[in-house]
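The structures considered in this document are given below.
Each of the next two complexes has chain A plus one other chain: chain B in the first, chain C in the second.
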Partner chain A sequence: MKRFSVLLSLLVVLSIFLTACSGGKEKDGKASSTNETAGSTNEKATITVAAWNAAADALTEQIAGFNQKYPNIKVEILRADTGYTKVTPALAAGTGAPDVIQTQARDFQAFLQKFPDQFVDITDKTQKYKNDFVESSWKSVTKDNKVYALPWDLGPTALYYRIDLFEKAGIDVKSIQTWDEYIEAGKKLKEAIPGTAMTLYTDDFNLYEIFLNQMGGSYVKDGKINVNSPESKKALLLQKKMKDEGIAINVHDGNGRIPALTNDKVASVILPVWYAGTLSHSVEKQAGKWGIVPIPAFEKGGNTQANLGGSILAVSKQSKNADAAFKFIEYVLTTDEGQKIMLQYGLFPSYTPFYKSEVFNTEDKYFGMELYPFFAKLTTTIKGMEYGPIMLDATKPLKDMIDGVLTGNDVDKTMETTAESISKSTKLDVNK
Partner chain B sequence: MKGPSFITKSAGYLFLIIVTIVSVYPFYWMFVGSTLSDGDIFQSPPRFFPSVEFMNNITELAATAPIWRALGNSLLISVVFTIATLYLCAIAGYTFAKFEFKGKNVMFGLVLITMMLPHQVTLIPLFKMVIGFGWQNQPQAVILPALANAFGVFFMRQNMMSIPTEMIEAARIDGAIELSIFHKIILPTSLPPLAALGILSFIQQWGNYLWPLIILQDRESTTLPVLLSQLVAPGQVVYYGQVLAGTVISIVPVLILFLLLQKYFISGIYGGSVKG
Partner chain C sequence: MNPKKLTPYLFLSPFFIVFAVFMAYPIIESFYLSFTSAQGNQAEWVGLENFKNILTDGLFWKSLYNVFIILIVQVPVMLILGIFLAVLLNSKFIKGKGIFRLFIFLPVLIDLVTYSIVFTLIFNEQFGMMNYVLGLFHIDPIHWFSDPIWSKVLIVIAVTWRWTGYNTIILLAGITTIDHSLYESAEVDGANKFTQFFKITIPMLKPILLFCGILSTIGTIQLFTEPSLLTAGGPNNATNTPIMYLYQFGFQSFQFGYASASAYVITIIVGVISFFQIKITKGGKI
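Up next is the complex of A and B:
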């Protein structure tokens, strides 16, 4: 009797499961069939756009301008998180996804790999913009020669330095041409102003990625994991040297930077254009004390440009109004009106025709210079980086690799084990 | 027997004082930070006394994010969820504790099995189901799936086992129907565990992040923790004063609830441990 009731209850549970599954499938089928017929923009359409934080604020402000051009397309902005927790279930389930999705540029290849057939191929529609975007930015939105997203913002990187502290330590910023000279200047600074370090780093792979990109290295090369490359080794050793010489302090995360800056614990930071906004807001009192120069090169006359960050906008295949969705990203990313609003929110455009506009060329009060034209000059030799489909899985191994090297583990061995562990979770081969 | 010596006693107090400072300081820092302007929050040495910027921070936050709306959503979801959970878990726990019926153990086993399932396993099926009902952006999408959860049923059952069966039988002899026995005798005698479960459920739902983030997609329907988390993103300016002020607001309801129910909370948690 007892066994019978166990069996019975198991059956009940199973049947509930099965009906739930089959019900879901039917719905999907219907959704995808309507997908192909709809799409004309003359009809009334509602599109949803998922983006995060200031990016979402900027998009919200775009709606009024967009609706002057396309009064029939209603736009709703959804607030997503930067870890993609919000959009991932919908992409995995094949239902419930927003029409337009923001991802970080470096993560998008992983999205294309993990959710094949979830993003609309927009190659034909974007052909005419080919020369309008910074060349390197196309790399992360293209797969097998097909374009699946429009590049949004960029993160050209520079050396922000405290003019007053450099002066006090007797350092001429122009004399810093290479990273070695930067480290030497750091030692000088430490002696002149005890308690102030040259720069800082965080418990992530930001600095590593800047160095790697500067040298033209990449995480993946020809589809194989490349974190064991010579460039990778050089990048790791440089950060280790900065730490060992005591010129760079660890502040753990973005929140840690603010107290270090506020209390004069560091005299310079190596960060992208998007940090200008944080400096002028969070350390408002240091207005006029900051200068910006290109980052030092690895060898004299070498490349002084690198990118860190930036995001993209893609249209979801689940969208019933894919045309309308594309119209929206086209408007916000390829018009001066659209990019003007983006810039107000500190999003540096990869759309280059905008660099000629008046707003782009205004002087920044905090830095006392034309901020954006300066950074625009730092986008010309940025090397397109092959992130490959690994970045959603590689975060922890990469952090561990840097942490391991900084604490004194053997560099070659650490790079090897990191490559292996990324290979295990992504099924990609390791470049030998 | 003599009590502990003066030295042991003061060492104990010293230890407790240190632990208290360590656990209270972050909250105090948050509170002070919420009353400062962004430029002053990270000044070293840290400010010890609150300043006057709190209302300013809140007003600015409310201008950029629908904080009051989110507070309302959070309150609605948490209060309805807690009340419904308490009633359902109590009645189910009572049934499992005091009634004999066919298949009771199997059913109880099934309830417990759902407790072993990691949340992530059910996420996608649940998402599909709730989207299928058309419930995205609706409070019931957050309230309903976790109602009558296994932990609550188990917790109430363990506590109600210790209610003397004679009391129930006496009520039956006096002619009370089953539902009024539950309402008039069982519920009032179970106040401590109900208070404990109530606080736990409320805190759990109040701080619930993952599911509301996924299913409450537009900004009007979002809850407070989700809204607050969205004020911070890498590479973008963080308005710390606003974030801290928002966080202060978000802990006030929990604080009030806990202070009100504190005396039940402790006895309720221990209640089930005597007779398991």
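Up next is the complex of A and C:
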């Protein structure tokens, strides 16, 4: 009798559990069936937009302007993190994803690969904007000639330098045309101002990616892993040289940059346009002390432009209001009103018609120059980079590669093991 | 069926439901996933391939090696410190014991993220307080974050700071349960305080020490927050841990199958170690 009642109660528990499960499934079914009936603008719709940090702030401020145009579409911003932890479970589960999703431009191909059928094909709707965006920015949102997202911001890179410290060390910034000359100037600076380094780097592969992009190198070439390319080797050796010559210090992460800059420990940084905003907010006291020039070239007269970062906005296939969701990203990314707010948050547009607007061409008080037109000139020869679908898997191996090379491991061998480890998790071949 | 007999099971059912949904289901599902290539929202059966790849991955072994080095140093240091503090807190000559107990236990209550950030500031290589203080004694600045050995030391310091208090309180509870007559008779026999400590306190604490030892061992193998926030596993993976390894595959590359498989490998390792700990100490029998 006792045993029977135990069995019975277990059955009760099990049946409750099972009904709970099947209840969930029913909801699933409903969600996917309503997918087809996308809401039109006249209908009331609510859309959720997942974005992070300053990008989320910018989008929050967009809502008022957007609602003047589309009063029936209610927008909610979901604050996500750069690690996508709020978005991916929903994409994997096939339910509960936000309508609009922000990803880093370099990660989006990996998203398309790992979550096929989760993003709305917007090729037809974006045809008319083909020439309005910087050409290289389409690469990361296109797969098999179909467009799955709109490019958002770009990260044209420049050399930010301390005018006063350069003067003190007797360095003429115009004389720095190549990276070799930059390193020489760094040595001079170290002698003139002990304790101050020419530049800094962080525990990631930002500097490497800038160098790689500048040379026209890429992570993937013809569908094969390309991190063992000659360009890659050159990029690694340059960063290693900077470290070995003692002109670049490791500050580990973005939080480490600020004290280094505030305390005059670093005389220049190699970073994209978005760092202008951080400088003017976080090191307010150094206003007027910073100048900006294009980055040095690898050889005299070579390419001085590179891109680092930038993100995209995509519409989720799970969205019940895919049309409304597209209207939102169209408004924020392809209108002057939308891009004006983006610019206030330091997000440099890949949407080029905005470059002619008045806001874009105003003088920046902190730098004492027309900041954005300067950076717009640094987007003309940026080379479109093939990230391939590997970036979510490659982040850690790439970090390890740089760490390894900087600590003195053999470059060729390190590149080879990195390529193999990425190949193991992505199942792509390695370029020989 | 007698409804009276069913009642206890009905009262128990909330636990069983929660257990089934949040514990049993994930355990079974991840076991299944570990045999698939689950990635994003796709999955294919791949048999033992994930396990093969994990066991042949140098990075996985390196992360295990790291936690064992940290474990071998950190757990004994912490337990010795814990016993020492517990005995002190239990001694008769200390006044205001409540306050001391509170302060020793306080680090456990502090949020992991908060204290990790404070530690990054204190141990900052260029501007940190620690290197400044060492400088006062003419000690060269220590590369807490960029030297493979010192970064491990940093993790040991951080973990010890946070968890010593927790173990102290548990050991203190153990000490207070020791029958006082043992000490009295020892005193009559002429044993001094040291002999009493080594011949009575330590042996009587054996089961508690085993408990603390196993918990700390499991905790150290599952180390995540401190290395993740303090050193990000660096430099050159010198402080990478198995859980960081798992996390990277599960939540940065979204290779759920591979991550599940590594979770099972780690679980098996923890199980084996705990088994030997119990065997060697004979289950903590006094």
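One rule holds in what follows: the second predicted complex is superposed on the first by the 405 of 432 C-alpha atoms of A that agree within 3 Å, B and C clash if a C-alpha of one lies under 4 Å from a C-alpha of the other, contacts with A are read in each partner's own complex, and residues count from 1 in each chain.
In the analysis below, a residue touches a chain if its C-beta (ideal position, glycine included) is under 8 Å from a C-beta of that chain, and two chains touch if they have at least 3 such contacts.
Small disclaimer: the values here were computed from a predicted structure and weren't measured.
Chemist: Tell me the contact category for A:R79 with respect to chain B and chain C: first, second, both or neither.
Modeler: The first partner, chain B, only.
Chemist: Quick check for you: in the superposed arrangement, does A:P259 touch first (chain B), second (chain C), both or neither?
Modeler: both
Chemist: Of the two partner chains, chain B (first) and chain C (second), which one does A:G246 touch, if any: first, second, both, or neither?
Modeler: A:G246 sits against neither chain B nor chain C.
Chemist: For A:G155, is the partner it touches chain B (first), chain C (second), both, or none of the two (neither)?
Modeler: Once the two structures are laid over each other on A, A:G155 reaches chain B alone.
Chemist: Using the superposition on chain A described above, determine whether A:G288 touches chain B (first), chain C (second), both, or neither.
Modeler: Touch partners of A:G288: none, neither chain B nor chain C.
Chemist: Who does A:G309 touch here: chain B (first), chain C (second), both, or neither?
Modeler: first
Chemist: Just chain B (first), just chain C (second), both, or neither: which does A:G96 touch?
Modeler: The answer is first: A:G96 touches chain B but not chain C.
Chemist: Should A:K424 be classified as contacting the first partner (chain B), the second (chain C), both, or neither?
Modeler: In the superposition, A:K424 touches chain C alone.
Chemist: Report for A:T407: first if it touches chain B alone, second if chain C alone, otherwise both or neither.
Modeler: Second partner only, chain C.
Chemist: Pick out the shared contact residues on chain A: the ones touching chain B in one complex and chain C in the other.
Modeler: On chain A, the residues that contact chain B in one structure and chain C in the other are 2, 5-6, 9, 13, 20, 85, 92-93, 255, 259, 263.
Chemist: Would you pull the chain C residues touching chain A in the complex into a rising list?
Modeler: Residues 1-2, 5-6, 9-10, 12-13, 16-17, 20-21, 39-42, 53, 57, 59, 120, 124, 126-127, 145-146, 232, 234-237, 248-249, 251-256, 258.
Chemist: Residues of chain B touching chain A in their complex?
Modeler: Residue positions touching the partner: 38-39, 41-44, 64, 102-103, 106-107, 110, 123-125, 127-129, 131-132, 136, 210, 213-214, 217-219, 222, 226-227, 229-240.
Chemist: List the residues on chain A that touch chain C in their complex, please.
Modeler: Listed in rising order, the residues of chain A that touch chain C are 1-2, 4-6, 8-10, 12-14, 16-17, 20, 83, 85, 88, 91-94, 111, 113-116, 118, 203, 249-253, 255-256, 259-260, 263, 265, 392-393, 395-396, 400, 403-404, 407, 421, 424-425.
Chemist: Which of the residues in chain A come into contact with chain B in the complex?
Modeler: For chain A paired with chain B, touching residues are 2, 5-6, 9, 13, 20-21, 23-24, 27, 48, 50, 52-57, 76-79, 81-82, 85-86, 89-90, 92-93, 95-96, 98, 155, 254-255, 258-259, 262-263, 272, 274-275, 277-278, 281-285, 309, 346.
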